[in-house]
Every structure is written in C-alpha cells, then in structure tokens.
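Two complexes are shown next, each including subunit A; its partner changes from subunit B in the first to subunit C in the second.
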Partner chain A sequence: MTDTSIADPSNDMEPFNLQFPFTRTLGNTLSTFFSAVAQGQLIGVKVGGRVIAPPLEYDPETGADAGSEWVKVGPRGTVSAWTYVPEPTHLHPVQGPFAFAFVTLDGADTPMIHVVEAPEDQLRSGLRVEARFKEGDEVNGRIDDFVFVPATDPSPSEGAGEPYQAPAEPEIQTMDAYCDLTYVDNAAPVTRVWTQALLEGKLVGRTCPQCGRTFVGAVSLCCVDAIELDESTQSEMPQTGVVTNFTVITPVPYPGQKETEPFVRCSVMLDGTDAVLGQQTIVGIPASEVRVGMHVALEWEPEGQRDVSEIGNGGHGSTGGAVVGWKPTGEPDEPAENYVDRMM
Partner chain B sequence: MPRTENDIAIVSYAQSPLLRRSENTETEMMLSTVQGAIKAAGLGKGDIGFTVSGSCDYLSGRGFSFVANVDAYGAYPPINESHVEMDGSFAMYEAFVRLLQGDIDTAVAAGVGKTSNSDPATLYTIEMDPYYLTPLGADVASLSALQYRALLDSGKVTERDVAEVVARNRRAAKDNLNAQVSGDFDVDELLAAPYVRNPLRRHDLPPVTDGCAAVVLARGQKAYELCERPVWITGIDHRIEPHLPTMRQDLTSSVSTRLAAEGAGVASGPVEVAEIHAPFSFQELIVREALGLGDDTEINPSGGALAANPVMVTGLLRVIEAAKQIAENGRSRTLAHTTSGPCLQQNLVCILEGDQ
Partner chain C sequence: MSHQPVAVVGIGQTHHKKRRADVSIAGLVREAAQRALEDADMDWGDIDAVVLGKAPDLFEGVMKPEMYLADALGANGKPMFRVHTAGSVGGSTGIVGSHLVSSGRHKRVLSVAWEKQSEGNAQFALGGGKSGSIGAGGAFAPFIRAYIRRSGAPEDIGWKVAVKDRLNGAKNPYAHLKLADITIEKVKESPMMWDPLHFLESCPSSDGACAVVFTDEAGGKAAAKPPAWVLATAMKSEPSTFAGRDAVNPKAAHACSDEIYKQIGVTNPREQIDCAELYVPFSWYEPMWLEAHDIAAPGEGWKMTDSGATALDGDFPVNMSGGVLSSNPIGASGLLRFSEAALQVRGLAGEHQVPGAKLAIAQAYGANAQFYAMWAVGSSLDPLGS
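== the complex of A and B ==
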C-alpha cells in the first residue's frame, strides 16, 4: 500500500464548502428563554434548589423534568474562567479579538459560556460584566443576540432572582441554524491515475488476482477479497458496452441545479469484461426509449475540453465532464435477463 | 489466574503510518491496517465473527465514508458489522460486549480518521450544544482553554507543571517511530511561547494527524490459539458527563474518569504503565489524578496524543500502546484511557493484563 507517502500539496483538490441550512424547533424551555432574550431579558429555571441559566429542560443532576419555575437573571454577572481568541473564525459572532468566559449571571447558580468583549489585560476571574443586547432588526431571539462587556456599574443586578412570568405562547418557536464548513481533500493516487486516463481518452480498470473481478474507476482495492489492487493489475478497458440498468430522474428544484428536464442515469457493463460503470449518462435517444440490453459506445468530449475537476476519491467510475455520454450503437439488443445480476 | 471462556483478549494489532496528511483515503488506510491485524493473528477475513469501526464522516468531509470503509473488511459474503461515530476504542468496547454473548470467538475493532481534510478550528463547533454553544462558534480549543484556566485558578497545577507534561511526552515520543512531534524541549522555552488561546500555547494542542489502527479480539481458549501472549482485557468501563461543560460540578476533576476507573478495577493491582488520552496537555494531569495512579506508574511512553492525534484513532492507539507493553515488553498490568467530547466529557478506562 502506498500509504507511507505523505501527500504532495500539488494533489490537493479544490476546496469543498459544505453548507446546509436547517431550522430547529425549540420546545417550551428554549422557546421561553429565547423569547425572553428577544425582549432583552435573561432568565433561568429553578430546579433542585438552584437556578440554572440558561435554562435546561431537565435537571442535569437527576435527569428529572426541570419544570417551568422561571427566574430573572442578570443582566450583570461575574466571570469565573476566561480565554482569549485573538483571531476569530467566520463562525465566531464577533469579528475582532474577544474572550470566551464562564459568566455566572446575578441570580443564577450555574455559569454560562459566552462572549466577553474586553481587552485581554482586563480579563480576570471575578470581573463584573453585563449583557449588551442587539437592537431593532438585529434581534433574532438567539444566544448570539447579546454579548457581555465590562460592567459600567458592578453593583448587583436589579430584579435578579425574581420570578419571571412567561407568556402563554412564547414568540420564538424555532431557530435557524447554518452549517458552513470547508474541506480540502487530496486526490488519492488511484484517483489521479483514473482522471489522467480520462484526459487521454482512455478507461482503465484493475482486475483482482484472487477473484478475477474487474473494477473500473478510481478503485484501488477488491471489496470482495479485501486486497489492494496496484497498478500491476491495471489494463485499458473497452469503450463499448451494454446497458444493464437505468433510472429516469425527474429533477426537483435545488440550488446549483444544472439539469431541468427528466434525464437517464444508467449502468453500463463494458464489452468483454464483467466491469460495470454506474451513474452514466445516455445521449442521442429520448429517456423513454432507453432499454436494458441496449448496446452503447462512449462519446468523449473533445481533447482539451475534458473536465475531471469534479471527480473525487469517492467517485469510483465517475466520468465527470470528460465524456458527453454513452450513445446507442444501433446493434440488436442483448436479452435483458442476462443482466439481472449486473445492475451496478 | 486461569482464564475462562468469558475472558477476552487482544491477540493482534496494527496501525497505519501516522501522518500530517496521508495521500490515501480512509478506506485505503483501513484496508492495509485491518487486514494487517487480521493476518497478524493468523486469520483470514472470513474467520472474523464481528467487525466494528469508529469514524466520523465530518472529518474527511466525504458523506458515507463509513460505508465505503466497509470495503476494507471484504464484506462479501456479507459480514456482521457495526459502526460507532466515536474513537476506535469505543468500537473495541462494543466488540468486547459482543464477544461476551458467547456465540462467536473473534472480532475486529478499528478506528480511522482522515483529519487533515478539515479545519479543527471550525469543525468541532458542530459537536457542541446546538442552541447555546454552536451559534457562538464555541471551538474545542477555547473550551479546553476555559478548563485549563479553571485548573490554574484552582491552584492544583501551574503552567510550568503543564509545560513539563509537554516536554515529557515529546521526549518519550522520540522512541515512537510513528510520532509526528517529538524531541527534547526546554520547559522555560516552552513557557516563553505565545498563547493561542490563553492559557493554551501551541504546544499544548495536539497535532493534526491522518491514520488508522485496528485490534483483533478473541475469547477464551481461542486467544491462546491465535497468539503466544494474549493481552487480557480484565476491566473496562465508560462513563459520560453532561455535554455542557458548565453543567459539571467541577471541571478541574474528572468524575467520569474516576467512576470508569472504579468500574474497570484500576485500584485492585499495581499499574505499571498508563497510556492517557489527553489531546490538550493539561488534561493529562486531571485524568491522572482521577485514575488514582501513583508515582510508580509510567505515563505515556508513546508520547500520547501530543505526539500524534488521528481523531477517532488516538484512543485505540492508547489501547494498542498499553497492549504492546504486555505483549512485547514483558509488563503484566497496564492501563489505557480514552476521552471524547469537550473538556473530557466522556472517558473510557480499560485494564490490560498478561498471564503470569
């Protein structure tokens, strides 16, 4: 196996940005808390003789339902531990240097982890801070609707510890969340071999010396025998084959969509081999006329216009933008029943 | 002590090279490692009763990596397979429990992590509380730094004590061929380094590592058939604390580690070597105290997680390093510890013993 090799940075692929939005429902406790936050009020829940802030649905000591005995806390509190973030990432809620700290709000018995905007040399255990809330359009009813800043007046917060009367129907019922992560994968050796072959207008496959199966694409192992298939097992594959399976996909709208009309994805078994390429495109024939058993031949993009940039390590037999697709040859079909075990 | 059919041992192990960036995929790292461990036990893929791996698709950023990784087991004819979204040591715990059912006598557990694809400064925010912490971008280094600050404020340890942990692990790692970070470092020079998350310095953080590790377990008499000196797992326990660090009574002591150590029976005999999984240097001191280890226990002869940290593998590597001490170095009782989650949220302790 070649995994003693440290990756060469020149084999890094384009950064992949994983983004997906989703909406979380909050339930009664979190709805009550975030609705109070939207009004500029911090609250906790009294359970087991102590006030937990921000509130939880359960008593972490016992697992019991924490109930709904709401208590006003803050807006001032005391720092008990801190660290400093000199260079925030895009996921941090403030853009300049800031501190994360444990802040125990007045009236609460447990600390919360939150942002403190203060110079590093002012931070210490015991520092008095106060919540500074967003205003107007910036209010979302979220944990990042406020940050802490050094308190101008260190005296105890007025009203902290008093009961909080929650509205019957809290205003904030959901929270929009957004995942935004960036990855840089590197093309594995077999992926580079496969994409280079495509650029040269070739299909290559590797044949397992143990079971004799041939795998076409960026595949470096036999998944049946669990042995490595190195380049000595590699040979050039024919560029004609038979459709063994297909599906017609009717696109639904999604961001970045390229296809808008129903299209075919099919599996093609290459002539003279038992190698099947999955997820292939059919061209030159309406989707309704695609058949299992149909003879097809590969049509390449012109040399110099073959795009393999979207072929990743997981693509196996993906041909990316190197080919136009598979075109029917017009030869008589093979019997479909010959291919029932070669769907993919 | 005579072994019974309910005793379970590690009979072989293997690990891939531990690299800052491997050019191979998770599946490729798995193939050579898993099959290497199976071969080292004198077995073939068809001889294994149960397989379980630990990995996380969010590390490599490739969806269903954990499914692709099953190819490394050669899953045809179909195999009995499981997966945990945790370190491979927790996968080993599942294999251990599975073997206790008594109907099979071999199992493989593996961990794999292609960590270098992702950015640790942002990735681990999504493992935090989704309402109270993730929206703040609460990153694992910041949360660890808060725990470190609490430990310093408690007066139990000093920054010098922690720098000495770093120096000792890096020195020990000089003998570990797989270490990424090793060498002789002066404590005063370490203390002069700038903070990346006050009071954490760069050297208090683990390196980014790609890698894989695997162990083969066998039950009862089968263990003696497969190796000369089985490494018996005589105690194992795993305890979890609340995921919000602020909901734990005291971040400077690890209650879950103490309970897991009690459950695993740590105190019922001397511990010659302990491999502690402390991805952030100061955590070794918290864990060591919670395990109740004396000064005669050697800590992390491998260099620990500060020497190499393939996430999802580092804990299983602690098990393998502790097992090596018995299988290869003539020790008779060692300990492996694994942690998971922010600020030592989850802890697994296992006691390994060789026959006298």
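== the complex of A and C ==
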C-alpha cells in the first residue's frame, strides 16, 4: 500500500515507493532474547548491578561487555510514560489505536519501549500491564510477537528476577527488517523545464556565462564556478552526438530491479557542444558492438507516449522514458582526442 | 606544522566475511573497537571521544546508525561524531579522529568505521532503490577503459593486480578473500562483470569493521607497543561531471597527495616512501593511482605493476594487506587502508610486513572518483631524517 497523500497536487511527479527486505543478524544476546520471546518468555541481562531488559550486548553506561547472566522478567510490568497513536498508519505495529509506552517489566531495572493496547483514557503512569503473546503460526521470534494490555491481575509476576537458562544454540538467529518508504522528489523549476522540453521532443542546456561550459539535464548551476544558470542561459541542444564512453552492466537481481540481461549505459557528447548526457541507452545494435567514438542520433518515443515521471532532480541529463535511446548513424567514428576529457 | 603530534597506538579489525552471521551491527563494531583498545592497552573509559564512519545508510537500512551505536562504543557522556564521505569515509573517519587530538581538544580518541553489506544489497542502495543501478563497477569501468586506451597498457595489467592483491590477502588473517591458488588464467576466465572488468578483478562484498585509537605525543611515547605517528593528512573533493574534468587522473587526487608530500617534505615519492595502501576496488585502479599520486609518471603506472615493483617484495609495495580487492566492508575499507599503513610503520604487519618500513601512505576515494582522503604515517616524527 502506497500513501500518496504527501504528493503536492501541483506536481506531476509520481511518489516513489522504496522497499527492501533487509536482514539483520542478531548476535548471541539478541538471538537469546528473541528465541525466548518465541517461547513466550521475556528476559533481561544482569550487568553493573542492574537488570537491563531487553538485554543489550554491553553496559550502556560504560561500554563494557554485558555478559550472559540472563534473568527472567515480566510478563507484567508498569507504564512510566507514553504517547498515544489514535490513527495508526499501515507501518505501525498494530492497526488499532495504541500507545507507545515505557514499560518496566517486573524484575527489570530499565524500561522497554513497546506497544500498549488500551483506550487512551486508561493510560497513566503506574498502569500495570501484561504481555499478550501471539500463538501458533503467528510466532516469529520478533519484537512484535507480543503487545502489552492492561493487566487483569496487577500482582507481581511469578518467577520474575529468577535466572534464565538459555539454550546453547538459540533458535532465532536473524530478523527481517522490511523497509517501506514513500517519498516525492518535488520537481525543481529546472527539472520541470527539462521534462517539459523532453515531452516536446527537445533537449535543452544551460551555458555558464563565466566559463562557457554547457550543462544539460535538470541542472541550474555551474559546478565549476558555483553560479546559478537561469533560463536566460538556456538554448536548444542538438540531438546527435558521439559515444564518449560506455559500460556493459551484468544486472544483479534486487527488489525493484527490472533489468535481466546485460545492458549498456553510455555517455553521449552532443555535437558542436561540450555537453554530455550520462547513463544513456543505445538501441539498434547488440551490447557487444557498442564502441567509443560511435556517432549516434536520438530516437524519441512517439509524442503522447513520453514518460518523464521517473526523472528526478538528481539525474544529470536523465531522459527517462521520453526516448527509446540513441541509434548509431553509421558515420565514421570520432577520434578520441576530440572528447578525451568528456567521458562523463 | 602548527598542530600537535598524533600517535596511532591501537588498531583493531574484525575478521571480514561475506556474512558475519554471528554478530549484530553493534557486535561487529565492538569486535574491532575492543581489539583496538586491547592493542592500545586501554579500556572504554580511557577514551575521550568517538568518531564513527560508514557509507550510505541505505546499505543496511539503518538510518543514522551512529545514534544507535553510541552506547555500544562507550560514547555515553562523550562527544560522538558521524562522518560520511562515500567510499573515502573510512579514511576521513581516521583523519577526523586524528584532528580531534592534533587540535589539542582531546587526548585519546577512538575512530571506528564499518559496513555490514550482507544486511542489504549495495547495487540496490547505490541505485537509490530504482531499477538499472550501474553500481560501482559500472561507474568506474568507463574510467578504466579510458585509462587503458590512454596509457596503451597491455590487458593483463588488471589481471596481475588481481592476482598480486589476492596473494597478499592470503597472508592476512583478517582478509575476506584468501585465494592462495589464484592465477592470471583464473582471473582472465572469470565472468565479465562490467566490461572490461572481470569478476576476479572486482572487490567482494564484505561485513567488517576497523578501529583506531589516537593519542597525543605523550600517549604515543608512553605506549606499550610502537606507535605510528600521523605525519600528514589531507582530504579533497571535486564535482562529478563538467566539461574538462579528467576522471581518469582527477585533480582532487593530485591535490590530495601534493598536500601530503608538502607537509612531510617528500619530493620523490617512489624513493622516499616505503609502501602504500591505495583504494583499489577494481584492479586497474592500482596503476591509475600510482600516476595520480605521482609515484609513477603519467602513462607509466602500469609498468610498475608489470615489473613487480608493487609486489610485497618489490621496491614500492602496494596493498600489502590484500587491499579492497581482498576485503570490502565499504565504510571500513578506507580505515583498513589507513590502519595497514600504520601497522607497517609499527612493524606489526605480520606475514605481510614490508621489512623496515618507516614511512607509509594510505589513500581512500569515493563517489564518482570525487572524494579523497590520504595520510602519511611514520615510525618516528621525522622518518626522512630531515
């Protein structure tokens, strides 16, 4: 599910949804903790004369190793502070109203931050809560295997503070951490000028009045002289050029990767200018036949089918889905000395 | 120089691996830091400030990890700094740590740099999560092709670097890749990844961390083991793309080594410097950096590689540790280079020791070959006897 509410309605750029299934290795301390959680047992570690729960690998006061003197804590505890979330998003740990709260478990000396499911008017400092664990197939050995709810019996937890015997090899060794972030790269004025030109089948560039270098793409400054290039410095660029360098990439699979076969990305220096478009696509010939010095001409997508939605402010001359790519013209190759310092 | 002398008195690193399944991120950085403290004969409480470096947070998907790691590195109640300068960050993290001592602000500083690549995917992260990421190899392959064309170097130079660095790595107990049986044939026949770079000419993806303890002059003189003295530091940067940029032989790379040489009075780097750890994630960067740092004349760097001058027993050993080609926990890779240079002048580099090394340099670079960090370390404050 993508939350589109953050998009500026005047912006024609699409929200981008960044997703990745990161995998955490836990190390012995957190493996021991999460393996205990999977058994419905909360634990802490005794270090520096106090019980820290959940356990850390180190004493946060001093940095010293915390060791492995495990102690049973909870399942009941006491709320000391909270903030209420009346309308959770899909990224919150639970989908109904809840509080993020500091809960000091019975037998522990430090609070843990966790979810308390209770009506807002029941939350108070000193509220007794108890852990309610998931069961059966829902158990993953993760921090969201349990939530806290108001305790039916406020009396001290049985067994809290007693030693916990950890298994030699804790069962839970890793944790999936799914990243799901939606953002909008609101288009800068120069990005809108660039994408509008692409929609009209034009390339535009801006020339620095001080050094004479031309920059193509969504660029409105000269990075050499550090001065702004406004629209008065802009002109239309030729649509033919020379491949000044290229690479053939063997794609590795990752979430979001659409490439499956080796693909070419090249730099094209536009004819009669010193302007270079980076990361361009070559069409009409196999990847193995792409050469430095090759003359190429731009092939546009048909008008009305040009997609500029993925062009952001950061790309140096990205042509996105507005073009098919650059096609070799068949002219004799350009000698290297004419573009030796314009490979990108 | 106006600043106060700085000594490296402790160095620690993890065993680098494709996946350190046995530790958390906190456990990984602590493993390196504890080894550095042990080397320095210190404890967490002896440290005045902590500097933490790593490459982009999207590699592991932990945003601003310096906050989560502050107490794991004993920084409770102490200054904590985060450094990020892309691939050069490990070097910059060392330099920032040394400056906190050279400025006179702190007496004992811990610099830690790390990456845990196995938690995510570098290609994904470098492409901002979008399709068609070219990755580091795709970004640097064009520069390498241009270097080969410009220098007229034979194609086997890259293969030779790949073999040499892996043989050095096989002598390093901490290295990720230990390919003692690697050959030119194997490199040549490994799959083409980013034309003209083969698989075995490319760095691995590693989990790992590196840590360094810095002290002032008194601390260095009182240290139990020989210190390395930080003689010069420099950092430079340049924009990624503009007409006239020489990405093969970047101005910022030259400026960085020029500044180092000027600070210590080096006029003939190849003669006066004993060995170098240079950031070579793809084989051809060895000759490229030899030229960019004036160790070889323009167009001549590959001849040093070809003749064996850069081998462990050559007259100018490069990447004695096995380099980035043998271990690449990205954020830590720069500090690993800086640490190896220091280990060499301390005489503590074990099987990959260059006998009698007195003056060593280390370099790291990042982004689109835009960011540079270098230092020179010596076995004394005046290794050239000037």
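FYI, the second predicted complex is superposed on the first by the 324 of 344 C-alpha atoms of A that agree within 3 Å, B and C clash if a C-alpha of one lies under 4 Å from a C-alpha of the other, contacts with A are read in each partner's own complex, and residues count from 1 in each chain.
The rule is short, and it goes like this: a contact is a pair of C-beta atoms (placed from the backbone, for glycine too) under 8 Å apart; a residue touches a chain by one contact, two chains touch by 3 or more.
In this text the structure is predicted, and so the values were computed from the model without any measurement.
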{"item": "First, second, both or neither for A:L26, with subunit B first and subunit C second", "value": "both"}
{"item": "Touched partner set for A:C179, first subunit B, second subunit C, both or neither", "value": "both"}
{"item": "Which of subunit B and subunit C A:V224 touches, first, second, both or neither", "value": "both"}
{"item": "Touching partner for A:T110 - first (subunit B), second (subunit C), both, neither", "value": "first"}
{"item": "Contacts of A:I143 with subunit B and subunit C, given as first, second, both or neither", "value": "first"}
{"item": "Subunit A residues contacted in one complex by subunit B, in the other by subunit C", "value": "16, 18, 24, 26, 30, 56, 60, 177, 179, 222-224, 314"}
{"item": "Touch list for subunit B against partner subunit A, complex", "value": "16-17, 19-25, 27-29, 31-32, 34-35, 45, 58, 60-62, 64-65, 68, 71-76, 114, 116-119, 121-123, 125-126, 130-139, 142-143, 145-150, 153, 195-200, 242, 244-247, 251"}
{"item": "Contact set on subunit A toward subunit B in their complex", "value": "1-8, 11, 16, 18, 24, 26, 30, 52, 54, 56, 60, 80-86, 88-93, 100-102, 110-115, 120, 125, 142-144, 175, 177, 179, 181-186, 188-189, 220-228, 312-314"}
{"item": "Subunit C - residues contacting subunit A, complex", "value": "19-27, 30, 43-45, 58, 60-61, 71-76, 116, 118-121, 123-124, 128-135, 137-139, 141-143, 145-146, 149-150, 191-195, 239-248, 368"}
{"item": "For the subunit A and subunit C complex, residues of the former touching the latter", "value": "16, 18-20, 22-30, 56-58, 60-64, 173-174, 177, 179, 213-215, 222-224, 245-252, 254-259, 263, 265, 267, 274-276, 278-279, 292, 310, 314, 316, 336, 340-344"}
